[in-house]
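Here the chain labels run A, B and C in written order, and each chain numbers its own residues starting at 1.
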């Protein structure tokens, strides 16, 4: 088999395993952990469109999660609208907000953009936490909103077991990864890369850098909001401190940064590596050493920035490509096929 | 009407303390061109240092300055030297050192949670300290004494820092580096040493601010977060890199926070502060006194 | 036809007048050179034409249309491309990627864009380096990349900003040949240069400016013997006449 064949086989295998997991793993606890793992992987990959491809540092993305969650929940609770529809409405709302915030701030220096996102997210949280009604909509302040059990089924986005949620978030995750891959190979992807590396040169080549970043921001906000609805339907309880929290915003950013922003696999790899750390340290150290997992996050973040600023995906991808090469060489028709697949080092992460 | 005057005075006093907390942030930005996201955590560290200094020795909180200031200075100096300098060197030619921002955020998380781990989540304060709860009667108005002390400390510190940068040799070297690091290094100034010193000074002023806060503010692991965010707002309002700007920005925020509740709920006051911040960012990002940058 | 026509252009920076009532024009298919002592205002004039900033007064017309203050990316889409004196390659990407960014201007399809990019590279005899990381190129190759990128946008007018700076004499000769070849394919070229032998060899006409003002204009031979030019470069003592 040649290199790209092995690569495709590996991916197919991975997909098979992912889809097959609920058939083998029956424990609700583990499924729950996996659902949250995919949830974070989805969030970080969506974040990556702005934080990685557009090259800025958004630190308030939880705001979009909150917008998505609250929109679909309110529409469902107060007006009986299906959460799926609410999900889309939430996405559109988040997109509008993202564009409005992005218009003036994406042109600024990185630090100012980061600050603006923090201020906006915190401002939103403060408002939601302290008002009960926004016009006709019941936000219920700090107590948050609880979703009462309804008839199970797809239409209500409510299920008894964890399995349906598992598949939904898995499909969402695959979707967003595919989207990211497509963008990286598209005009938008090239333009974002160029604008991030050398904005003046990019502009002289016909790239409207500000507009490209805005498009990325719009996409990212939309996708992030969808996850908010998912979270609401999964946990059936949302409140400002958990869903519009600075901690969530930072965790998303940290994971993406440690995994490797700007690459396709980085955010997912980051989630795969760090979420278990977070879960385990919470389970085992929760009482004795509170906050341990955040210390680990912080320390890993600093170490990665010092030694592997492009993220852990870089050495991991290189190792993977090395393995691919070795396996391809060992196969009988290696000599006939020579090299195929991704270009050396320079341009994109294919996996 | 009287309440508004009283609120205003207390607002100015508290605002000056806010300005003092933000002073380090603006110094570090002015010199290193970096927004130190860990600044609130450094403030928190200072507050714990002051708390323990007072609790163990029983002295007046303001006397703890003798310990807190040098400790904080060296903490900041070595933090910059060991953790942040390598990133700086790696990103020497990058237009904006975003990685440094990321690293300071990591430091924030580590410091806050390490403190949580070591000292626990409980709120601490100094119930017996001589300043607690003291009020000064001015006619029918009550002025908070600890805040008054804070105000005086803030003004003295700001004046002192200003004088330091204008008149002393080190201060001028720091200013030179902040204006043009290559030219300064050609003049024999060790750029990285300057960064260390600037970071140390910024952290030390956070220590001073911490001492003024400890008599009346609770001490707990995440106390720095709110000051961190307010610090950003203040520093953008007043102009990043401007020392008088930090004080004025702080006073503006302090005034809004204390006079605002007369007209609206405290929540909306907070929302107004964030809103004002966003407005300034959009309209005049260089703030009231800040340096002009190419946006 | 006049593809670029600059009329009475002035650029002030506060109290400093960097460009003073400059007028020049380029015929389609020509190579126009702009020279002048350091600080004469060449870069400022260049940047006004390239859309980096807008002139204070005067008009710049490109293919008959006024382009004062238009943004660089819009200018590029209209057919005006430029290179940078201090080269700005997308260092972490391959040469092909770099050029593809340029060729995307006329298509949304990556395959088409890459094909176009490859053609440009072949035209500049650069295709063998297509997978090399841009950051690893020599300075001469980086300059070539800079031109390739700009060329991929399919310009009618190409502005070259001191593209010879830092090159060895043999590399300069190579670059002159490349630029001449470009002109032969129909691209009009506006060059700023300090290296005299290059600009003399390349230009059909030369404009000389000093202190922001035009002091001479003509063919390379006329310029070489122009009294004002000699005075400007070498000082009063060398004036012949």
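Please note the rule applied: a contact is a pair of C-beta atoms (placed from the backbone, for glycine too) under 8 Å apart; a residue touches a chain by one contact, two chains touch by 3 or more.
These figures come from a predicted structure and were not determined experimentally.
Chemist: Would you identify the chain whose Cα-based centre sits farthest away from the centre of subunit A?
Modeler: Between subunit A and every other chain, the largest centroid distance is to C.
Chemist: In terms of Cα-based centroids, which chain occupies the most central position?
Modeler: Located nearest the centre of all protein C-alpha atoms is chain A.
Chemist: Between subunit A and subunit B, tell me the centre distance in angstrom, where each centre is the average of that chain's C-alpha atoms.
Modeler: 33
Chemist: Subunit B to subunit C: how many Å between their CA centres?
Modeler: That pair's centroid distance is 49 Å.
Chemist: Averaging only over C-alpha atoms, locate the centres of subunit A and subunit C and give their separation in whole Å.
Modeler: Between these chains, centre-to-centre, one finds 43 Å.
Chemist: What positions in subunit C touch 2 or more of the other chains?
Modeler: none
Chemist: Mind pulling up the subunit C residues that touch subunit A in the complex?
Modeler: Per the touch definition, subunit C meets subunit A at residues 50, 71-73, 76-77, 81-82, 84, 88-94, 96-97, 100-102, 104-105, 107-108, 110, 113, 131-134, 149-150, 152-153.
Chemist: Can you list the subunit A residues touching subunit C in their complex?
Modeler: So the residues of subunit A in touch with subunit C come to 185-187, 190-191, 193-194, 197-198, 200-209, 343-347.
Chemist: Flag every residue of subunit A that touches subunit B in the complex, lowest number first.
Modeler: 57, 59, 104-105, 107-112, 114-116, 118-120, 122-123, 126-127, 129-131, 246, 250, 253-254, 257, 289-292, 294-295, 297-299, 301-302, 305-306, 309
Chemist: Flag every residue of subunit B that touches subunit A in the complex, lowest number first.
Modeler: Listed in rising order, the residues of subunit B that touch subunit A are 34-35, 83, 86-87, 90, 96, 98-99, 101-103, 105-110, 112-114, 116-117, 121, 221, 225, 229, 232-233, 236, 265, 267-268, 270-271, 274-275, 277-278, 281-282, 285, 293, 295.
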